[in-house]
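Next up: the structures, one after another.
Both of the next two complexes hold subunit A, though its partner changes from subunit B to subunit C.
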Partner chain A sequence: MPDYKPISLVLILLGLFGSSISILLGFIWVPGIDPESVQQGSAESYRILFWHVSFAWCSFLAFLMLFVGSVLWYLKNDEFGWRLFSTGSDMGLLFGFGVITSGPIWGSVAWGKPWDWGDLRLNSFALLTAVAIFLVLSRKSQPDTTQTRDTLSIIGLFGFFLVPITAVATTLYNRRHPPIIIIEGEDTGLPDEWLMVLIFSFVSFGLMFIGISLLNDMVNQLESKTEKYQRIIDRGED
Partner chain B sequence: MSGLTELAFAYVILIGIIGGYVWNLFSKLDDIESRIDAVENYLSKKKSEDE
Partner chain C sequence: MDEPLLLELEGLVVSRENRSVLNDINFKLKEGEVVALVGPNGSGKTTFIESCTGIIPFTEGNLSYYSKLNEKTIIRNKDGRNSNIPQIGLTLQNDGICGEETVEEKLLTVLNMVDEGENSHLIDSILSDWGLYHRKSNRVSQLSGGLKRRLSVLSGLCPAIFSLHPIVVLLDEPSEGLDDEACNILTNWIRTIASRGNGIIFTSHDSDLIKCADRIIKLEENKPITESSGKSSGAIVTMVESELVARQVSINSLINWTIKMELRNPIDTINRLTPALVALFISFSLIGNINYETIDNQIISLLILLPAFITCIISPALISRFSEADCGKWWYINLGTKFRPISSFIGASLLLPLPLTYLSWIILIGDKSELYSNEVLTWLWLPALCMLDLAIASSALHFLVSDLQRSQASSASLLMIFLVWPFLELSEALSSIMVNGMSFSLELGSPLISCLFASLISSLVWLVAVFLPDT
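Here is the complex of A and B:
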């Protein structure tokens, strides 16, 4: 098995450096929002967008990985599919957690409360992250058998159906969460500086995403290797 | 709390989440690698004893 440790470390450090620069640019370069246009709270809190949105996009990439892995495993019992599934669920949990941590902090300033139980986007995304938690914990606690993998991959498929619901929630059912603002429209669109920093932040997050995925994959592969050795030793001592 | 404080607080938490997760992955990797080395040594020793 190739050793991805050095390359993943480089990618993660580059990603962290780039995303930190995006915070800095967000504070010093990007123009502020007119305080009068903000319904509630501070206009400054909108600068969380540079990380919140990148976290969200990366989490969707992770759930896509989970979906492809689930399909590959369920239809073909493909080992690479299971690796995608395992890494996708780990990454979905990490990045999903980033989204539901940054969102409420911003929400408590912008809306006056951290969570709205009536908002479809917020709740469908929370459910998606809960599916990722369930998959990660089940994978770790259950024996690694074909039956376990089949069951978990079906749940992975179910989880992915929440992605389009979450994606269109702000367009079809807008309550609290801001609508899609990146696409230029009558009421939407971002100033050039905001867009540039957002894209820069997403690229940096992308590097970090690849680095952490490689590392996660390595850990998952080595864990199954340990389990195989464990079975060999158990058989030998019986 | 002012908006800026909230913002700084959020960024610190997020950096902490990523940093902690990556740190945990690296230490887990080191731990598993040393366990695998130990098992492989044990198995090769056992094999040579059987022979």
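Here is the complex of A and C:
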């Protein structure tokens, strides 16, 4: 098993540094928003967006890993699939939690309320994060058997099947939100500064995502290896 | 001439926790044969028995049963379950009996007799033979461990007594907990049932019981199985015979069983009703003195449907009944792929949502109903009825989670978030009825379309939770 620890730690530190810089740039460099268009709270709170969007993109990658892993395990009992599933659920929980905590801060500014049951994206992420919490807790609390993996991979597939349907339903349920107005921005799109900080933030979060994923996978593999040796000792074999 | 085959395992490999418990097992069971599985603890004896029932996943290999016309049906292979097993006799290591059942009910369920009255004398005779007659009306929870084991073993043997054609009988540690007298009865019954052509596989550490086997298979971890001949000892005893065919355990048996258990101890109803009523009265306290005209109708409709929603998402008591002494495993083995869908229906809260929704309306709205459309009471049943879909989906989710070995350590409530959206759609429908009255338009946002979406999402959850695990 390759030792990913040094490279993982470097990536995580780079990611943490980059994400800190991105929020700093968000405060000192990019244009603000019109306080009149803010529905509730401080106009400065909108700057959480520079983390919120990156959290959301990384969560999407994590849930994609989770679904691919679920499919691979469910269809083929593929060990690599289970590794993807395990890492995807851990990362989904971490980054999904980031989305649903930063989302309400943005929501308060933009919609005047921290949570909107009509917002498709926020609710989808909440649902998927709940699934990730369930999967992470269950993986830790259940014996690692084929049956456990089968059941958990089916629950992992739930989002895969249900999100498109619930997406349609919630889109229909959706109400239009009044837009916020960016100072110095053009009507046609985001100012360049916004876009650059968003991309910089996403790259930083991406590095952190890769670093934590590698480290997580290594820990999971080591745990599995330890269990294997413990069982050999249980059986009194050399 | 060789006796016809009843069951066959070909190249069976079963893995648990990343190790092979059974490795390349090839086994055939013939009519009239008694096979003992022996070996140290953890050698895979119970896994062997469970493999013969088709409920555990195979890494490699096939499980096949043969019909009386000697037609071979593959029940399970490494890709999953292909077919349900035919009728078998089964005694699980953990008894597989719910404590609420009476002794007589358990046997009647096993036999699934057409006419209970006509055949009760046969059951009485069997119970007398096993020293259980005086306990026939007692609940299983009132029996001692030894008597409970007798009943469990008897339940495994009975289908073979009443079957007109030879069947497979699987007994996992049948002599465990039995006294010498009961062990002697067991030995003789095994030989008698085998003499009628039935094939019997049992696991045991009991050297006296093992002597009654024709063939002894020794399982040892990481070693190939070894076979030796048994002594086939034991007497043929007089045993009741029935001209009635003991049928495959049917869906009706499970429905009747569930209703009986709930009527005897209505924990499902109480567990669902209590939090729903608490929620209703808290809602009443909160909004009782508020001017209704100032509250968003969506909030009112949510509060009206909330008690019904709460009853729907609570874990069914059927799950705890099934988890008692592996009772659910017994039903699952006997009902096969029908078990999961039917359990999700009968485990769901089907009776409470409708009356609770009307009660909620009466308590929360009461004399303020003139503020809303006068069609509400006429159409309140519509969202309440759609709530039944949600209840069935919730029940299916709970059953899916109960598949986990330590399901009590899992937070199934997290998955109930899937059902918040159908609930919101239904409250949207009720809100629309309250404000605009019933509309039959098929526009987006109309009550009918909202209810349809709610049912659609619930049905999808149900389909995924019920059909993926068994495919």
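One rule holds in what follows: the second predicted complex is superposed on the first by the 186 of 238 C-alpha atoms of A that agree within 3 Å, B and C clash if a C-alpha of one lies under 4 Å from a C-alpha of the other, contacts with A are read in each partner's own complex, and residues count from 1 in each chain.
In this section, contacts are C-beta pairs under 8 Å (C-beta built on N, C-alpha and C of every residue); 3 or more make two chains touch, one makes a residue touch a chain.
Bear in mind that the values here come from a model prediction, so they are computed numbers and not experimental data.
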Message: Per the contact definition in the header, classify A:V10: touching subunit B only (first), subunit C only (second), both, or neither.
response: neither
Task: Look at A:W51 in the shared chain and tell me whether it touches subunit B only, subunit C only, both, or neither; answer first, second, both or neither.
output: first
- prompt: For A:I155, is the partner it touches subunit B (first), subunit C (second), both, or none of the two (neither)?
  reply: second
- prompt: Looking at the overlay, what does A:F134 touch: subunit B (first), subunit C (second), both, or neither?
  reply: second
Task: Scan A:W106 for contacts with subunit B and subunit C and give back first, second, both or neither.
output: first
Query: A:L24 contacts which: subunit B (first), subunit C (second), both, neither?
result: neither
- prompt: Touching A:T145, do we find subunit B (first), subunit C (second), both, or neither?
  reply: second
- prompt: Which residues, counting only subunit C, touch subunit A once they are in their complex?
  reply: 15-19, 56-57, 59, 221, 400-401, 403-406, 409-412, 414-415, 417-418, 420-421, 424-425, 428, 444-445, 453, 456-457, 460-461, 464-465, 468-469
Message: Applying the document's contact rule, which stretches of subunit A touch subunit C when the two form their complex?
response: 74, 77, 117, 123, 126-127, 130-131, 133-134, 137-138, 141-148, 150-152, 154-155, 157-158, 161-162, 165-166, 169-170, 172-173, 224, 227-228, 231, 235
Message: With touch defined as at the start, can you tell me which subunit B residues reach subunit A in the complex?
response: 1-4, 6-7, 9-11, 13-15, 17-19, 21-22, 25-26, 28-29, 32-33, 35-36, 39-40, 42-43, 46
Contact footprint of subunit B on subunit A as seen in their complex: 5, 12, 16, 20, 23, 41-45, 47-48, 51, 55, 94, 97-98, 101-102, 105-106, 108-109, 208, 212, 215-216, 218-219, 222-223, 225-226, 229, 232-233, 236
